[in-house]
Amino acid sequence: MLIKLSGGTVYDPANGIDGRVMDLFIRDQHLVEPPADNEPIDQHYPLEGKVVMAGAIDLHTHIGGGKVNIARTLLPEQQPAYSRPRAGRMRSGSGGIAPSTHATGYRYAEMGYTTCFEPALLPVNARQAHMEMADTPLLDTGGYALLGNDEFLLQLIAEGAEQQTINDYVAWTLRASQCIGVKVVNPGGISAFKFNQRALDVDDVHPHYPISPRDILRTLSRALHQLGVPHPLHVHASNLGVPGNYLSTLATMDAAEGLPIHLTHIQFHSYGTEGDRKFSSCAAQIAEAVNRQANISIDVGQIMFGQTVTVSGDTMRQYANHGHAHPRKWLCMDIECEAGCGVVPFRYRDRNFVNALQWAIGLELFLLVDDPWRVFLTTDHPNGAPFTSYPHLIRLLMDRSFRNDMLARIHPDAGASSHLASLDREYSLNEIAIMTRAAPARLLGMTDYGHLAPGAVADLVVYHREGNPEQMFERPMLVFKRGEVVAREGAICASVNGSTHVVRPEYDQGIETRLAEWFARYHSMSLRNFGISDDEMADGIGSPVVIHPCASTSHP
Amino acid sequence: MWTTEPSLNQKHLTCPFCGLACDDLSITPGDRGIESLDPKCDKAKQGFRLALQAVSRGPRSNGAPVSMEVALQQSVQLLKSARAPLFAGLATDVNGMRATLELADRCGGVLDHLNGDAMFRNIRVVQDNGWVACTLSEARNRADLILIIGTQCFDRFPRFVDRVLLPRESLFSPKAGRHLVMLGPWQNNRLPATLKDYAPITLHAHPSQWADVAGMLRARLGNRPVDSGRLGGQLAEGVEELARLLREAKYSVITWSAAELTFPHAELVIERWAALARDLNQTTRSSVLPLAGNQGDITSNQVCTWQTGYPLRTSLQYGYPVHDSRLFRYQDLIENNTADLLIWISSLDPEAKPPACDLPTIVFGHPGMELGQEVEVFLPVGVPGVDHTGHGYRSDTVCTLPLGQLIERGLPSAATLLRTLLDRLGD
Amino acid sequence: MIINGVEIEDTFAEAFGMSATRLIITAINERWARIAGETMTGFATSVIGCGVEGGIESILNEADTPDGRPGVSVLLFGMSGSVLGKQLEARAGQCVLTCPTTALFSGMTDGEPLPLGKNLRYFGDGYQISKQLGDQRYWRIPVMDGEFLCQEHTTRKPAVGGGNFLVLAATQAQALTACEQAIAAIARLPGVITPFPGGIVRSGSKVGSKYKALMASTNEAYCPTLRGLVRTQLSQDTGAVLEIVINGIAEEEVGWAMRTGIQAVCELGSAQGIQRISAGNYGGKLGRYHFHLRKLLA
Amino acid sequence: MSPFVPQRLASMRPRQIAAITLHQGNRTLPAGELFDVTGSPGGRIVIQSDSELLDNIGMGMADGELMVEGQAGGYLGRGMSGGFLQVAGATGIFAGSAMSGGRILIEGNAGDLLGGAAAGERQGMRGGFLHVRGSAGDRAGDRQRRGIIVVEGNAGDYAASRMVAGTLIILGQAGHQCGLDMRRGSLILNSKPKSLPATFNVSGGHQLTFLTLLNQYLESHSAPWAFPGNSRIRRWVGDLACDGRGEILIQA
């Protein structure tokens, strides 16, 4: 099958193409060089006046694993708000803020997203996360394994284990859980909460182990660097949501000691204590630190007004916030001496000072961080808002007058205490393409994704060029998944299943001896059942793995 | 399906027959199936024995043997003409449930598990309030006080004692410092032998008193003026002692098996225990650990939840999912003639048979299942973890254990047969 | 105009727009309802010094109260809604909430809502209970003799304050007797109260004073002992003057009450020493309502 | 058969109502094939149906009058905010759940969770008047938040379970464990229930003025008085397992 896309205006920042009218060719599942003149074209799409980009990549969205299922269970009364009827072979679904898997895949694809990453995959829950993502059609997926609150690692660090041993354990975890990266959530804090500690700042000492979050951050960021894992340590920093936490965030950046580190949903970590309400924006301080340190990347975790549900591994902070639950019910879970999970439904209100300022802080961060290659468009779905609000968010970034109209509607004191009105920046289509395609692919080491050069996987999106970016990004004209048209005019027309993206750094298998002993003594399952094989991924779970290379290993 | 080497001589079998999903079992095969099982577990032994000894009589139509082809054709006809198919039983593995859901979505079916009554006693508490919960490893390594409500956990989950309550080793909570408190009608029941030496604290209380005991504890721990004496002398003293222990514990765990709470509206009682654990977290740590997962109930519920957005007792009749744990109880749908076809899926236990009823019925059954009343179509399917690989959820809803294949006797998985039906139904 | 030998002066009473509310206080018996009502409307003679003006409008029997117990109907008048609200809260809290066996209800349904139990409920310290019956909400506030039942809101609406007439008589005793007669007649009327002690005021006032701090001072033109010293309005044989001030929930009610009162006075006639009926005004510039005596009695 | 979810049913013409699509199993058919509809818009609409499976009748009803001659299924008048809904026979579970206004009169018996909270909802009935001439099932008034429920017959177990506020009156015999986890609100009983949770305390005998008001309100809605005259009642307070600010009033 040879497909020609002619005359579209292409935005492909990974290849330095910023709005060039050009032809693209797809052969089977990949983009290819223009064929010989005499080769017949099977399908031809004339795209004059249309915008063409690679399929969008969401590098931080909670779409798989136990906590999403818990959210679905906790909120049966919220689910009917969005019901998706069955249509032919397309499955039915429900749920606007915690959608069912099929509804998630369809809706993402309808918006031009072709790859999504679950950022908090508990290794012990990896099978479920991969199963849910396998049942999320049209998307390639992957996960970041949660480490840094597992008692095994904390004990290793506390004992002063060699970095090499840590590296082996990290690499083993990536292999066992079939993940592409490693995330740490409130380093040490989830574990500390199990010991009844209610707060743990970057340099506080854990109640059981003589180590601090800083030690965990340093050890893990170093491990990933030395293992050559492309995606840097993905960090949900200490003190989420606490006024004054920007200092913890700056300390977290510092703890990486210059090695690459990704700070996620940083909006929730950019709060000061100024003003009458002791709650203020520190977006400027955070953005300045990001601009200054090239080793740091962030995603924003923008909030949007309305009902949503917060799902997080950070039981310490979720428990602390349970009083804000709306509706008033919530759930926390301590999980397998490995991590935890807290689910607290939430309604952000534009007339509430704190919520309104959170909204402004997120936008300030987008606009104040200079390099679009290091700031990513997320709502931390569903924590800040459901992913379905992305087109609206894109409009907020691209259209200053629209942004100011929205600003005028929020709590007046919040508007007044934000710099947002003075920020003139408007994102260009090229910058949107960077932050939603090229940059995430690069940060994850997915060389064949997120761009449109010959050889790339043919995940691509054709947009109508509308005056209103929200309409443009809400209903693309065409979405191709691996060379097949799966959505037209914002409606799914075909369903294909995705793959699971992983990295697989090498490690000394000697670590498994130690792990086997640990599992036998303390765990409730055996080591051999912990890890997931490639065959199990492909045949049992239903999502074959795509392995991305790691950089050549550097040794300490 | 991914494969494992079919062999009985495996060192670490995973057991699909209870919600603890122990994966450290080894079978010593004998002349008549199993010589012995190590570590000892009557439930696992019985499950493996019945699975291995079962001699399938092949597909049947109204009791008469038919070819698989005929059985499938008849099933397709029944599904095509059904106006209100009911998919019940659902004792299967993850892929069996995935195929069931796809078929139910296609046919417009309603879904319920044979353990639905027990399961929804817990799920309703989560739906209405949420809770603070933990998993088996957390309880094993951290709990310094475990309150066990009811006397039947030990029959339903035989290795609960050595895997969670009194493990050989524990990271943070050595056996010596642990308090086990057992609430239930123990006067009329004998403590499990494994616990006798440990001498746990027992509180003798009939199930009808459990709500009052929980309420009294909540009131006492909240310093509200109540008279525990109303519970009666010995129980009142025990409750006062338990209140003190709960207040002083670093990490308490409250556990029960909802299947034991067979009285109506038992979710109200569970809600009280969950609220007690939640209250305790204001000053210390406490979690609930509901025991479930037998007959694959957690498994099918988890898959249903992610695929439809709702737990089981969800209807796909309207073209989109609608959930109602009271209206879509399979027993009621049969009794009030709201269903017109029963698809009964039960691959783990030959005794988990479809209910006696007048509905046309298709059974995807354990190969050893003998029906008292013959049904339109009986399709024997393999036992997950014996005849084919698969996945089963553990009680705590977090861990999905891979199930290996032990033998090859040509029995298809439920998933395989259901997918065949799907293909034949067309669009 | 002369009635029964009493001269009706050709003048008018000048009255003001006020804001009023009606409350119903019930209790175990009439005695305690009356005590609560009197206490609530005690020290409520004039807005000049009391914040509000108030009085018992009527005594209610069991059939006419919301809870089927004996009660009283109370009217309170303030110069503004906010002052009225503050005074109501203070008086309901200090005089009714505190009084044994009472309950407190709104006596009107139209007008702007005015918080009643809405604020008083906090006395319940979290143990108060809300009950909604139809579109009305009530608060049950635990107190030492049981529960204080209190409606969440009453209403306020525009009303008239300061209707008045002056009774000029030969002696102090004759003026007083005549005014008592008038008060007894007015008391039977709905929608009005006479806020001064016993319904009667002797300290008629004028605007201003030689002392800077005072807004009002004695009306020297009607003081018999100042005759000869100031420009008097009294003839030589007038021994005493007393005034009746009437507040009402509408202009008609106030006028009717003035007429009723004046007629009662005139019944005594000149034979009982009554000489003249006059009225207080400020030249017609301050108050919206003018009650011309002769028009009222025509 | 379910759900019967027309919006503003009472303001529709009978012909329009008969044309509403209902689900029966995995197919759909017009309502008129299942039952007869008569009446006029703005006036009283009468549905002749005798199915105990027709759910959600009068769901979301905001005004008008709707009469069901026969019985009704579950969730009768769910989310109703105004108007008058009358059922001649019995109804299923959750009658009046999420109701916020208007009046429902059930001449027969009601099922479990009368005025109760549906799955996941933090509140049951939120306002209005719900009157059952027959008996009610278990958990009447579960998580009720406001409004008045009167059951002239008996009530099952756990009446007023998890009640948040509001008033539930049971004139017949109430079952076991009345008021379990009641946070606030009033459960008014004509006679001793079968049992109360151990976490209710006696607060003694009282004469409560508000009961007179309640009686008058009931009288104006053609419902019998809670207690005759100004009777002395025995008051229990609880449930002290939770908030403990609820009350159970029992005629002494």
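Order as written gives the chain letters A, B, C and D; numbering starts at 1 within each chain.
Quick note on the criterion: a residue touches a chain if its C-beta (ideal position, glycine included) is under 8 Å from a C-beta of that chain, and two chains touch if they have at least 3 such contacts.
Just so it is clear, the structure is predicted and the values come from calculations on it, not from any experiment.
**Q** By the touch criterion stated at the start, how many steps lie between chain B and chain C on the shortest route?
**A** Counted as steps through touching chains, the separation is 2.
**Q** For the pairs A-D and C-D, output the one whose chains share more C-beta pairs in contact.
**A** C-D
**Q** For chain C and chain D, what's the span in angstrom between their mean Cα positions?
**A** Computed value for the inter-centroid distance: 47 Å.
**Q** Between chain B and chain D, what is the separation of their C-alpha centroids in Å?
**A** Averaging C-alpha atoms per chain gives centres 35 Å apart.
**Q** Please compute the C-alpha centroid of chain A, do the same for chain C, then give the distance between them in whole Å.
**A** So the centre of chain A lies 72 Å away from the centre of chain C.
**Q** Using the touch definition from the top, which residues of chain B touch two or more other chains?
**A** Counting only residues that touch two or more other chains, chain B contributes 127-128, 322-323.
**Q** Which positions in chain A touch two or more other chains at once?
**A** Where chain A meets two or more other chains at a single residue, that happens at 74-76, 329.
**Q** Each pair of chains that touch: what are they?
**A** Once each pair is checked, the touching ones are A-B, A-D, B-D, C-D.
**Q** Can you list the residues on chain A that touch chain D in the complex?
**A** Within the complex, chain A contacts chain D at residues 74-78, 327-329.
**Q** Sort out for me which residues of chain D touch chain A in the complex.
**A** The contact residues of chain D facing chain A are 118-122.
**Q** For chain C, which residues count as touching chain D in their complex?
**A** 26, 66-69, 103, 126-127, 129-134, 138, 140, 146-147, 149
**Q** Give the list of chain B residues in touch with chain A in this complex.
**A** 1-3, 12, 14, 21, 23-24, 94-95, 98, 102, 105-106, 123, 126-138, 140-142, 163-164, 168-172, 250-251, 281, 284-285, 287, 302-303, 305-311, 316, 319-323, 389-391, 394, 397-402, 427
**Q** Sort out for me which residues of chain D touch chain B in the complex.
**A** Residues in contact with chain B: 2-3, 23-27, 52-53, 55, 74, 93-94, 112-113, 117, 119-122, 138-139, 157-158, 161-162, 177, 180-181, 197-199, 201, 239-242, 244.
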